[in-house]
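What follows is chain A paired twice: with chain B in the first complex and chain C in the second.
Moving on, here comes the complex of A and B:
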């Protein structure tokens, strides 16, 4: 098992992803190298424990260019000292930010809220592509928010895509109950310039789907 | 998971004899001493409850009896929407009708006297179609249907009804009794009601299919939609619940019995070919229910009214399969009894269940019990004695023990003492009708306990003259004689008995 390295002994040279515009903003995993031995670089997957980088994949720094050319990683062209409890994220202009967790969450939350507001406005104006793109921005910035998923579901409903709507409901299931999500989607649909009729509930169309696989709960 | 077990009878198409199969299985189970609730959920084309009502099977309703299955569903939906549970619903007796005891008594074997049969169905008289439409089942989401199905499952599992079975005297208070089986007759096709019946409400499924192409294709479509694999369950599969032995031919994961009905009696070549097709498709041979002209022309409680016909035999086989699926068959019960280290209330209960279904297995076990278990006020013991009484060759012994159990209880209990003693005496007299020498010593004890010295002396003399060995120490040790031992004539007779 590789030995852990103190984060204080590391510096950041890039991140282990190649992002496109639709994926931004995004939190990304840094690519590290040792300050004392710059030829030793560290890639994810890894974990942090008490200020130490653990179980990282070590590669010679000479291989980083190859990985970049292969579309595996993005290199900054410079270095930045690594810090404990910090998060690396990339904004919509492809600028990277290295901030404390709290600062990063706050900033990303602000971006998500702004995107949701703009997406709602776009929905009211009937600009569905823009509403959907902004909802995507909000999801990238903060995937715990339910509103952007509901906006995407409303867009899908208005386009007569019940399966797409259902997918959004399933994605939202970890943060919202099905009924509350449906109410939220109904609300966004009502905001559309041409009222979209409430979609038939897909599940009620299949009242016997997989019902025999559900074990009764003991009383 | 305890009894009752809930079996939903489903068919994709109508007219295959599903409801009649369910009803005849219900009557068969009742004839074997089981407590059964039939639920008619074929709400858009109800049949069973109407048939039973028209043919005079049901006991007169208690009071106005305005409630039915639709009311129960309406109230269950209300409770569910208010965030309540099955406990918030009134008892099922508010919605059910009982099959008349006189109709159960006609069942053979007569162990139907231990059984009980209730019906929960629609009341077609009272604005039925409006009430059904008002339920709005078609507007429920699948989640709501599943929640309602689960609530009904919990509800039926918890129900008790007051019952005074054979072995419980009519002056005894009724016993709070659970159902053993709830049999649900489902709506055909892919519907909301079908989802309700096939979902968590049901512990087991009985899927009835005709042999023609429409039926088989439809059954296949239903199985796929409901999540039942169209192949026999493997022994490595995880049991569905505690009672599931993952044995015997069934589909799964929810244990599912496949039934072919109606199977034509003639057309042998084509019939066998279709059954073969079905076997190939599902990897198992379905239980056949053969077409019978009587059932086609005139519906009836076939297992009772035509018990010797081949179709009655097939219904009974289906009932056995139903019981096997929850470990209630005689063989399983016998195995369970034999693995118990000591006879307990539970094992006596199991023996009674086994005996009521199969006297060949049950009677020897009952005989074993009555030598090994202390007499007392145990309902199961009294049921055992009453059952033994009906088994040829054990009548006198059983009724004697039954009387002794009553007597023993009367001397201990403060309530209904006189009635119990009277009943014990009647039973002892019953022995004397078939075996004049029988029961004399017990009659003496009974009379002595009542303080009747002359009567006690009469029966004691009769017992001794019939050759029963009675000694002075035996009478001295028996506290039943305390009230009469100072009587001069009784005391003098006891002095004349052997000292050892």
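Moving on, here comes the complex of A and C:
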């Protein structure tokens, strides 16, 4: 079992993910190294307990460049001291922010709300690519919001993409009931300059509905 | 290396495991009990990556070896890469286990049938081959790392015979292998240093593997990635259309990998136990 390290003894050199522009903003797991021994770096999976980094995967710092080149991590040019109860996130311009949990959540929530508002405006103007992109920003900032999924579903319905609409309904199932999500999507569709007809209602209680998707248990 | 050599390695390894079990007073049933055999035979092949590379995989439709990726991007492979050091740069890698490769947030599970389709060119090892290069102490100092690897290369899908046996003999219970709980006994291979990489089976398939094929078992990605109007979202749509399992998940604070790992273990429990 690897020994825990106090967060106060660590600094951040990057994060353990590689993201593209459409995936931002995003909260990311930091890559740490020891202040007193910079050759010792720590990667996820790990956990935090009472200000200590626990069960991290330790690698020599020399291996970090190899991991970056293999497309597994992103390294910053410099370092930043690690802080307890802080969160690392990357904004839409690839700038990273290291803030307290509350600050980060507030800021990401603000980005999500603003993006939802702008996406709704874009939808009303019929600018579907912009509505889709801004809804994506909102989901990346806060994946517990149902509105951006409904906006995306409305965009997909208007483009005649029932699979895409169904995917959004599946993704929304964690945060909204099927009926309330459908009503929300219908509302966004009604806001489009050329209103899109409501999708035919699928009664999920039909006896054979989704039976084809049930896969046999492996022997 | 030839398949017959891999078969000889497998017979030798199974014999060593039986001897190891007897020498340590462990029960050595032959064949392995049903639970271990069933799990060993059916456990999926897992491949996971960071988010942006996963989008690239979804866009291309292929899992590609490091060598092919370098060729596609017209850039040389770094000689310091682990795969180059091990001579495995032409392979696509899978764990025969839930997603275990760190620093990853998205993944694909393939059915064991993928191995049967690569009987002649796929190979397995009862450990993570790349991890051998990280060892400070090798089991046999006089042997090169590549030599050690060659001696433990096993045929696919027959390596699952050793997997089932080791699940039964070395682990408290077969499910411990899936849950990433350390085995009670290190086993006959002689690797004692390090983490689960020393006992997680790896399968290598040369060059590239088609994603949207009949062997694809399930796709995993954080909800925000699945919602994208891009390659990952389109793979999820394809899964809906083709009745392939697709799992989106909330990423726990800061740690997509934990979400991926948790969802994958739950999926395996639902479908294989």
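Rule of thumb we're sticking to: the second predicted complex is superposed on the first by the 203 of 219 C-alpha atoms of A that agree within 3 Å, B and C clash if a C-alpha of one lies under 4 Å from a C-alpha of the other, contacts with A are read in each partner's own complex, and residues count from 1 in each chain.
By our rule, contacts are C-beta pairs under 8 Å (C-beta built on N, C-alpha and C of every residue); 3 or more make two chains touch, one makes a residue touch a chain.
Predicted, not measured: the structure shown is a model, and the values here were computed from it.
Once the two complexes are overlaid on the shared chain, A:44 sits against chain C while remaining clear of chain B.
More residues of chain A lie in touch with C than with the remaining chain of the pair chain B and chain C.
Looking at the shared chain after the overlay, A:29 reaches chain C, while chain B stays out of its contact range. Contacts of A:110 after superposition: neither chain B nor chain C is touched.
When the shared chain is aligned, chain B comes close enough to touch A:178, but chain C does not.
By the touch criterion stated above, A:95 is placed in contact with neither chain B nor chain C.
Of the two partner chains placed around the shared chain by superposition, neither chain B nor chain C is touched by A:84. Applying the stated touch rule to the two superposed structures, the overlap between the chain B and chain C interfaces on chain A comprises residues 212-213, 215, 217-219.
The residues of chain A lying in touch with chain C in their complex are 16-20, 22-23, 26-30, 43-46, 57, 66-67, 69-73, 87-88, 101, 132-133, 136, 139-140, 143-144, 148-149, 152, 155, 161, 163-164, 166-168, 170-171, 174, 212-213, 215, 217-219.
Put simply, chain A touches chain B in their complex at residues 178, 201, 203-204, 206-219. Within the complex formed with chain A, the residues of chain C that make contact are 38, 42, 49-53, 55, 66, 78, 80-82, 102-105, 111, 195, 222-230, 233, 236-237, 240-241, 243, 245, 248, 250-251, 253-258, 261, 271-272.
Residues 1, 86, 138-143, 145-146, 149-150, 153-154, 157-158, 190-192, 194-195, 198-203, 205, 222, 225-228, 240-241, 253-254, 256 of chain B touch chain A in their complex.
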